[in-house]
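Below is one structure. I have some questions about it.
The letters A, B, C, D, E and F name the chains in turn, as written, and every chain counts its residues from 1.
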Amino acid sequence: MKIKVINPNTSAGMTDGIRNAAEVATRPTTEIIAVSPDMGPASIESYYDEYLSIPGVLEEVKKGDADAYVIACYGDPGLQAAREITTSPVIGIAEASLYMASMLAARFSVVTVLPRIKTMIEELVASYGMQHRVLHVRTTPMCVLDFERDPEAGMEMLRQEGRRAVQEEDAEAILLGCAGMAEFADELEKELGVPVIDGVVAAVKFAEAMVDIGKKTSKLKTYKYPEKKQMTGMLSNFSWG
Amino acid sequence: MKIKVINPNTSAGMTDGIRNAAEVATRPTTEIIAVSPDMGPASIESYYDEYLSIPGVLEEVKKGDADAYVIACYGDPGLQAAREITTSPVIGIAEASLYMASMLAARFSVVTVLPRIKTMIEELVASYGMQHRVLHVRTTPMCVLDFERDPEAGMEMLRQEGRRAVQEEDAEAILLGCAGMAEFADELEKELGVPVIDGVVAAVKFAEAMVDIGKKTSKLKTYKYPEKKQMTGMLSNFSWG
Amino acid sequence: MKIKVINPNTSAGMTDGIRNAAEVATRPTTEIIAVSPDMGPASIESYYDEYLSIPGVLEEVKKGDADAYVIACYGDPGLQAAREITTSPVIGIAEASLYMASMLAARFSVVTVLPRIKTMIEELVASYGMQHRVLHVRTTPMCVLDFERDPEAGMEMLRQEGRRAVQEEDAEAILLGCAGMAEFADELEKELGVPVIDGVVAAVKFAEAMVDIGKKTSKLKTYKYPEKKQMTGMLSNFSWG
Amino acid sequence: MKIKVINPNTSAGMTDGIRNAAEVATRPTTEIIAVSPDMGPASIESYYDEYLSIPGVLEEVKKGDADAYVIACYGDPGLQAAREITTSPVIGIAEASLYMASMLAARFSVVTVLPRIKTMIEELVASYGMQHRVLHVRTTPMCVLDFERDPEAGMEMLRQEGRRAVQEEDAEAILLGCAGMAEFADELEKELGVPVIDGVVAAVKFAEAMVDIGKKTSKLKTYKYPEKKQMTGMLSNFSWG
Amino acid sequence: MKIKVINPNTSAGMTDGIRNAAEVATRPTTEIIAVSPDMGPASIESYYDEYLSIPGVLEEVKKGDADAYVIACYGDPGLQAAREITTSPVIGIAEASLYMASMLAARFSVVTVLPRIKTMIEELVASYGMQHRVLHVRTTPMCVLDFERDPEAGMEMLRQEGRRAVQEEDAEAILLGCAGMAEFADELEKELGVPVIDGVVAAVKFAEAMVDIGKKTSKLKTYKYPEKKQMTGMLSNFSWG
Amino acid sequence: MKIKVINPNTSAGMTDGIRNAAEVATRPTTEIIAVSPDMGPASIESYYDEYLSIPGVLEEVKKGDADAYVIACYGDPGLQAAREITTSPVIGIAEASLYMASMLAARFSVVTVLPRIKTMIEELVASYGMQHRVLHVRTTPMCVLDFERDPEAGMEMLRQEGRRAVQEEDAEAILLGCAGMAEFADELEKELGVPVIDGVVAAVKFAEAMVDIGKKTSKLKTYKYPEKKQMTGMLSNFSWG
């Protein structure tokens, strides 16, 4: 089966890391197509970035070249729209990490990048009904690409915040709140002694599971194909039907 | 003062209706700049349409040519991102209608277009904390542009659903769940005998109020200016900083 | 238009401050009628005070001498009852501050008077569905009239608590949780660098907005005129119908 | 022990019915003092009535002549204020009925008077955290005093609504949403085959229980005695301290 | 009347303490039957212990030898099942303590045993709709039987945590989160100056109240008698019907 | 890998059906161990049955003979306790079905057996934070074993209720609220045209996914191994440590 993992930002290095995490986690017969869209932000650290990453994400889903799609940014940008334009399952890494964590731990914390996205993640968690499980959304002074540029500093930062989460608020699992943190998950789990959930891994595994059993996105109502529609200007190639 | 009302879809007729509603509601000294973006969907009836309308909305806000911005689509597309790129107040018509209705009625219903957007509006209402006020999100078999094409049928449809809301669920106000319904508000209010809230009017009035007293969007954290960022491909002119 | 701002307590000095704040915020053509009721508590710092302020508030609304009414106490005392006895809009300063803040900031804190009213404000916030927005209801050791007696100490107290809210919990706006704090809003906003919302100003501006467009309180059900009713004893002049 | 049951309205007939229900339910050694205040509305069917009943309720509590107080109106008017002015337990009949019902049935419905108070009761239920238990607040076209004037019609109305609650929504208990319905409880329970909870009975029994074990209202913070306060005008005898 | 208080664990010493607390609180004519089941855990400090205590609890309820049943463990183990197999009222000490506390205090904290049961109690509180009232579930390093073995240390621990709850979070009442803490309630209440609620006492008093007025568990739907059912193996004597 | 699927009831026929569903869904290299406990109820249709099935479930988990455990009853009986006694993942079929459905459909309904378990499932759904997704818990007049005895009638019943869910409430997926319904899933999905989620299949697939990547239950706090504990009487073989 083919699972397409879409890194909504355009950093090739980060896409490589995501591909690697996905390939390690999936079965040999599962083909991982990890891509960055042709357009969009170099990284995602604001609502502005997030919304502008969505056209690129949708373009990748529209290609229809996979059995399932994973949106590999912790804001799950464009998730519901992606579900409208395919019958294949589409999974966001935030939702996947929350559901997987809920099956392994009673209470947990998210560790993510800059403080400004704390509210964004809190609202996302609430929209999934998971606010009773999440103790704290912890932020760091590092932006997304800092983790790529200086992985050692990144690991140290995650270690510190993860440790504080475990010790100060009894976090029983740690959720990595950025697709660029995949590479740190295993070591962090060993050091902290609690499950560390990387959303990319969670999502590709759930994708594999759902493709195995032939599950498809419901097209009854909310996720029906979009209405036929003319798009104009720069976005004209997004016209539908 | 200048209030820019952005119709996120590219239907010029609908933008005219919105402009008209806004001008009638505001003071003579308030200048209404009603625009459709250069790019985007002809109308918005899905998550797909909604997300693809956001770049156009943001482009209009980035021009920085107004004292306040109103996003005139009942999904409030791109609202939080728009707040990041300006210090002027930015108001969505859904939130404005919900807050105004809450000051006039204890319980109310929304009447909107196609059934598929019911979930979208329910989630939006919940994200504003207003689910205890909203009795029902009522949909019609008409799409956005049907209301423009056949206003009489549109009015009849709103009348029917509005009446059912009042009679069957005791809706104490009706919220028009689409910016293209502005022209029907007054007649409907007279017929139904309860407040009928058009979000465009609610939003421009709140905008006027906040500009009058010099209120600005908080730039402390969530709505800080976006991080400096390279955008690539088709969206490169959205690069920031 | 005439907007009547009712200070539910009987402190004339505070009513003057409220009038001033309202007049500065509204248009020259808007007439502010700021009053204290003939009966009631000198200030409001408990449920006891709050409930006993309501008859006076209702008496002022019953006079029917304005196009809109603002209840200028952060408990919004008697708000729903006031809506029953007029078709004009009636707005509480707590609700107004919460709605305005929600259009300017993602998360905020309230700074108010004595610790004992913390629960009261928390329950009020929850009843408006705004608990996900409010980080903290911060109290001070000062009672309502202390702010009038010693404005400098009052300003210093607000400065301290406001600063802690901004620095310790990232409050993106500060809501002044007492009508007697109006005069401190501007200076505080300058010092703290985040929007400081005075509910009196928010409410009179929303009142102006709703009167402009002719919006009325829904009389369908919850806010219908009270049933015809004999009141006895001291309250006999409150008989209805 | 003495339990004072305050009927917040001034209908003597209804007070007699309440006294009777309370006396039948309590132990012979428990003295029931059932009173109507000297001032206030003849009955309570709106927020207006409810708020205007509170001064009378508080006056009765201030007399300090009982070991516990019950507020016998299904809006629990003035409950928190009453707790401020005594150390004795104060119980509202709505809260008492909800807690007792929760120990006997998984889901239940309230049957009450006029449609206009539906919202009021829904908000009250929510403020007690009991909305997940309450299936429906059912109203009747009868006002409070109709039940006194024509008990047969009242009983028939309760029977009809109670039966519909049991049959249509599987209500596992019925809560009588008005203190004037006490006399119908036993017969209704026999006919419907599910617990019928009269709040007056529930409240006096909880009061007896708490007085037996010497429990007092917490005076730490929210329910501290009111601040010393001058009241003016008609309410001057409510001055405190 | 007979009230059976079932200590779900098999510690005889703790059952004695529970019996004593119940007898002191109830009327002389109320007979307290305090029992430990024939089977089950020596104490309850995990979900494992809790679920394994339930068969023993149900066996005691099945005997049908009382007018009401109290389940004296702060997880309310087996409560809903117990309600299915009797028409007598069945009350859990956690729910009883929460309802009683809610009638005496606006906000309160629970003090309980080992940290691991914090989540369990939080979820229980939420299932009763009481999370808005509970400030904090405070744990101690002591297990259930430690309180029996070393009551002085137990008292000191409760004093410390209770004091912190009062001073740090303004807890207006303290709820004892373990049936084995009954003996400390009175002294603790004196020292802390806020109501200290022992669930055993709260539950037996509510039981007395409900038996007095003949209230029975609803058998309409959720708490109907179990379906006829064969149980096999070790549990065969639990077969029903 | 070995996944043990525990049918908490002792019906061998139903265990066969569950095994079959699990084997069809999993990979050839995954060994499914489907068991019924040695003790417990013949079927589960009440809280009584559910709690009495838990010792048998825990005994099966204690054997430690699998890489993951699935509890195949839609009440997820004993789930948290099972997590305490193993480091392997333990998954309930209700939670699994809810999470999987949430990745495929915006709103959905559950179809289950007898009316009496409606409340039980509603509370379970709420405890997982999923109440905003579930439109309706639909019951049938058939008990668990009726579906085994008369599969045709069972299929017809599911078809009817499923169709009503789709047509009347726009359910975008159907969740089978009983482990004994697994065999009907595929046909039902074809007929209804929306995803039909069998919790057994969902759970075994999630189990496979989590075992693949070596995820373990967090032993930090809530799901720590139980405290050392003596169990007495019939349950003595459940003593721990």
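Assume a contact is a pair of C-beta atoms (placed from the backbone, for glycine too) under 8 Å apart; a residue touches a chain by one contact, two chains touch by 3 or more.
The shown structure was predicted, so the numbers you read here are calculated from the model rather than taken from an experiment.
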Chain whose mean Cα position lies farthest from chain A: D
Rounded Å distance between chain D and chain E, as computed from the means of their C-alpha atoms: 28
Mean-CA-position distance for chain C and chain A (Å): 43
Chain A and chain D, separation of their C-alpha mean positions in angstrom: 52
Shared interface positions of chain D, touching two or more other chains: 80, 106-107, 115, 118-119, 126, 132, 170, 221-222
Graph class of chain-chain contacts, one of line, ring, star, complete, other: other
Chain-chain contacts as defined at top: A-B, A-C, A-E, A-F, B-C, B-D, B-F, C-D, C-E, D-E, D-F, E-F
Chain B - residues contacting chain F, complex: 115, 118-119, 126
Chain E residues touching chain D - in the complex, by the definition given at the top: 25, 27, 80, 89-91, 95-96, 99-100, 102-107, 128-133, 166, 170-173, 193-195, 197, 201, 205-206, 208-210, 212-213, 215-218, 220-223
Sites on chain F touched by chain B in the complex: 106-107, 132, 170
Residue numbers on chain B that touch chain A, as the complex places them: 10, 37-43, 45-52, 54-56, 58, 78, 80-81, 83-85, 114-116, 118-120, 123, 126-127, 143, 221-222, 224, 226-227, 229-236, 238, 240
